[in-house]
């Protein structure tokens, strides 16, 4: 442990840094807690594993059409952005937003909205659950 | 004491304010039984006599008499608490039944706290006067302050007694 | 050189040590408060609400398990003061008092006497409200949203609880009929505990 | 002197009528509000004059040239005289303003003379409005919108269902609180036809900000026509979407809180929706009543007005369409 | 009592350096943490109090910036209603209870004993206790806010919104209990000041020679003592309603909603004067010093102070003009509310006369006084406006009122306070604040303040209510709101510069002489900062301006002991020496007592039994506090 700066201005600076650090710790801990809760809820709701999602997003081309937070290169402009999906009332303006509907929509969008441009990608049910878990956890 | 006096006065004002709004007073209750409250009042008034003596002895720095006086006043501090325990049921109402019950209990509680505080102070002073710290000008000053405080406790009770027991009978 | 710095480190100025301790305390308490902070949720995410419908009930309709997301949320309908007091408002808005009065019961069973026909678990109460029960309890499935049902259930559980909850709402600005929820009316009024079999109140479990 | 300009500016705003929209004490169209506006202008003018005078004296006192040695006794005596005179002048001005205030109170008068009484009940966070029955004509209930006949004294009876609110339509009258357990009243009288907006002025919780009311002053004939329409039951939906909407409305939680007269929906927790399509706004002045805003409100009331007591009812997209069509049709 | 023996060393027997050494040994606070926690030195506690209050000012200011950020645009989504309600409630509560009242009392804790020429404040241990209670109350509020349990019912906490039915959770309880903390500390300080002023004045300082600041604090303290019990009763009743279902505010059971408002404003209106009257004292002091002459009309000023104090207790109903009270009562309160303008006017005219007759020196403290005059007169005049019932029905609970009371409180109290800090800073720290920065601080705060708050008058008249977290784009308010929010930044920069100046000057400002401004009151008769014992020998006062009469040699009284803490007690009216009184020494027990009380009060938010069980440690701590330790202070 090194000694503290002796000069008054040094101590004042230290104090200021500590205050900023404390505020940062406060905000960071709060955000971490919220994310933790959100992720836990998303997992239990969907029964999917968000860890597997990034790879699936790329494989099925989701990231080519959608902007998806946290997925590298996912800045597609064809479909609607998928930010804050858990807050939405309807999925694609058609389906009530709940985990079953989201999974069903990802697997076969045409069966709910015949005119939609979103393709049936051939994704499996479990993979779709992983995606749903990821999207709800954001 | 000015602070507490204002507090007591305000509690009486609240009592009268609530009364002025009520269609009938007391609200859904019989007027309080007089026995416990009146004997407590009599006891408090009577306790002023030894209290005034105690104050005089303390001024004269008479250790022996002050010791006796403090013991007497300790007992006279405990007795009203026993009577007070009978006063709460004599009100025929509980604090959570209506606003009348609330203010009555709060007034009684407020005054009981003061009796209790003074009693504890008296007890501590009694111990002190029997210890090596006793024979000392400052302690005698404390005793007369304490006696003064008891006067205050008794005197403030009189308007509260009138308010609690006789106003509902008007 | 080396020895010098060692002795310097050994003789840390107590004031500095104190200051360092204070600063660390400041930063760590920032973190602790941040973690403990839980904002009041005025709007739950729609998928989360919809998930509340997916609890599992035992065959006999008594007891079961809530959806797992309920635990992930921290059992908010039992412990969160805002939800409990919303539940209390729903209790009067949806006319529960018509049958259950202030919790003492009337046409419907009492909540205060410690006797729960279907058990005191949240899922049982939620199921009773949502789906109704034989002998007169109507289903509120089409009258309330599932989130409201959970809020109401949390409140109902609170009235009948023998250990008053810290987060429980207090009295209403109404006529006083029984001790308020935060004082544990069940405990005050029925201290002797569960009141035995109520043959008149539907099937006993 | 930096503040002199804004102060004068405010006087100019006060004097220039009609430039402040329809929720403004400076744009009065009702007798009580007009009286108060005169008082406001007079008082502000007097006070501005006083302030300028004091500032001029302060400036002079600070910057005046000092003579080397003044006759201190004589100047002290002169100062004393001046201060005493100033205090007396203050007293006179204060007395004048007090009298002006009393005079204004008198000229506003009380609601005793009113022929029509409307009861306004404050709710978190909307206004429940009752028009009493008189003789054979039944009364009716509406929400967030009052219609009054032009040029007539109207007594507004103010009550509260929950917490304290305050009824304030500045262009027509000053405000008055709605206090639980008590009943207040307020005189309204519009001199000019128009739509006057008001807003709750006493902090009442989460959505205090979105608790507006609209007062519509119209010619007595129009008022009577409106009142007659309001007394009637809700229209039976003509087009199929709206009819389906009605069915959905009755099957879903909506009917548990809202009344639509003429249907089984008889909930009392939320506003009466019998003629919601004819009201200018929804959500207590939140949005204009259009098909789109009705749908937005029904779909997600908690985002539009966080914390309000209408829950987010899960509806399919078709149900949402139909119910909003039904709501719009309830003229 | 005139016995002289070796065991009682008196200051008569010693020459200056030896006297200083021995007095320091008797009065100084020992170094280290323990010393800091157990000190009862009114100067150390006063500085702590001031610093803490200024920290709360800064925190409250940050909240106001958040509010301005949210209100800059219509329907902004930056802060939601739940958090906004907490923010404005805490801003108000914080500024009133944790900043304005304590900071004024803190200035008095530091200055009054010096100004009346005594060695310590009366009841020094109570003083230490009051600081700890104040700190605990402040922490309670802010920690609650961090945990999203901050009060959301406004600083006025009107029932039933704050009552058991509509305020879920512990938020309102935390508000009410925080009131108890600040009440206890404010009442304690008020008692100390009254006794200090009445019984400890320097010999010769008869009632007509008391400095105006001391007079103002005396009147303020009486107001505190008379007004604060009302809020104590009110907040207790609120907690009882919420916790054990009493019915004080429940109309269905004979209670009354307006009872709360009566009690609250019976305290709440004097509160404004509790904040403003000390500022009157500060302004008078600064005006006298910087115009090089005594304040004109001393007697008139004192009478104005007292009559303001008396009138302040009789006009609470003007906060309830739209609550539907009988009209006759309202007329009475209109008249009395208007009448208070007369003593206020008298004060203004006396200062103007002082400046007129004097020779003003434009240093920073005096600049703040000029700013005060400009702003406060507007606040006073808008006060006359809202005193009129019909006028008030239009502007009550609108931004007009927000503007009005910020003009009164910031103009009438914060400006004098800033001036006072610039003025007394050399005495507090022994260092001068920067004159250059001071001018910038004044300019920025003055301009920023007026640009921020003046437009609010107009917004209020144009229909914008208070306490709204947002407004709709259809309303014609967005332009002015944006202007206000931008101006708030100027104001914030001004305050930031002030904090920088204070911190910088406190560490490395120019060293200050004993009396840098050539002032005439007693606090300048001792060194800057004063020694732990304030005055080596008790000064004797022969006029209102002791230092102007004898700039070089102040007559002193001698005879106090130097080996234990002792001070001179004098008579109430003429300040004739009566006795030597011991003054309590350092003690850790006030801290223990405060901790025990804090635990009890916070616990009692959750269960009423806390009062029963918590009173045991409190009683133990109090007995420990008063139990004689056998030291000379206890026994003389």
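Chains: A, B, C, D and E, in written order; residue numbering restarts at 1 for each.
One rule holds in what follows: contacts are C-beta pairs under 8 Å (C-beta built on N, C-alpha and C of every residue); 3 or more make two chains touch, one makes a residue touch a chain.
This one's a predicted model, so the numbers in the text were calculated from it and none came from an experiment.
The minimal number of chain-to-chain contact steps leading from chain D to chain E is 1. Of all chains, B has its CA centroid at the greatest distance from the CA centroid of chain A. Compared with chain D, the chain whose C-alpha mean position is the greatest distance off is B. Core chain by CA centroid proximity to the global CA centroid: E.
The highest number of C-beta contact pairs joins the chains D-E.
Separating the centre of chain C from that of chain D, both taken as means of CA atoms, is a distance of 39 Å. For this pair, chain B with chain D, the centres built from the Cα atoms lie 52 Å apart.
Inter-chain spacing, taken between the CA centroids of chain A and chain D, is 44 Å.
Among the residues of chain C, those in touch with two or more other chains are 33-34, 37-38, 42, 46, 50, 171, 173, 176, 179-180.
Multi-chain contact residues of chain A (touching two or more other chains) are listed as 26, 89, 96.
Those residues of chain B in touch with two or more other chains are numbered 96-98. Going by the touch rule set out above, the chain pairs that meet are A-C, A-D, A-E, B-C, B-E, C-D, C-E, D-E. Interface residues of chain C, counted against chain B in their complex, comprise 171, 176, 179-180.
Contact residues of chain E toward chain D in the complex are 80-82, 85, 154, 158, 160-161, 165-166, 251-252, 256-258, 296-297, 300, 322-324, 327, 331, 334-335, 338-339, 341-342, 345-346, 348-350, 352-353, 355-357, 359-360, 370, 373-375, 377-378, 381-382, 384-385, 387-398, 446-447, 450, 454-455, 457-458, 461-463, 465-472, 475-476. Interface residues of chain E, counted against chain C in their complex, comprise 32-33, 80-83, 143, 146-148, 160, 163-165, 168-170, 241-245, 247, 249-253, 606.
Residues of chain A that touch chain D in their complex: 89-90, 93-96. Here chain A touches chain C in the complex through residues 1-4, 11, 14-15, 18-19, 21-33, 37, 40-41, 43-45, 86-89, 96-99, 102, 136, going by the rule given at the top.
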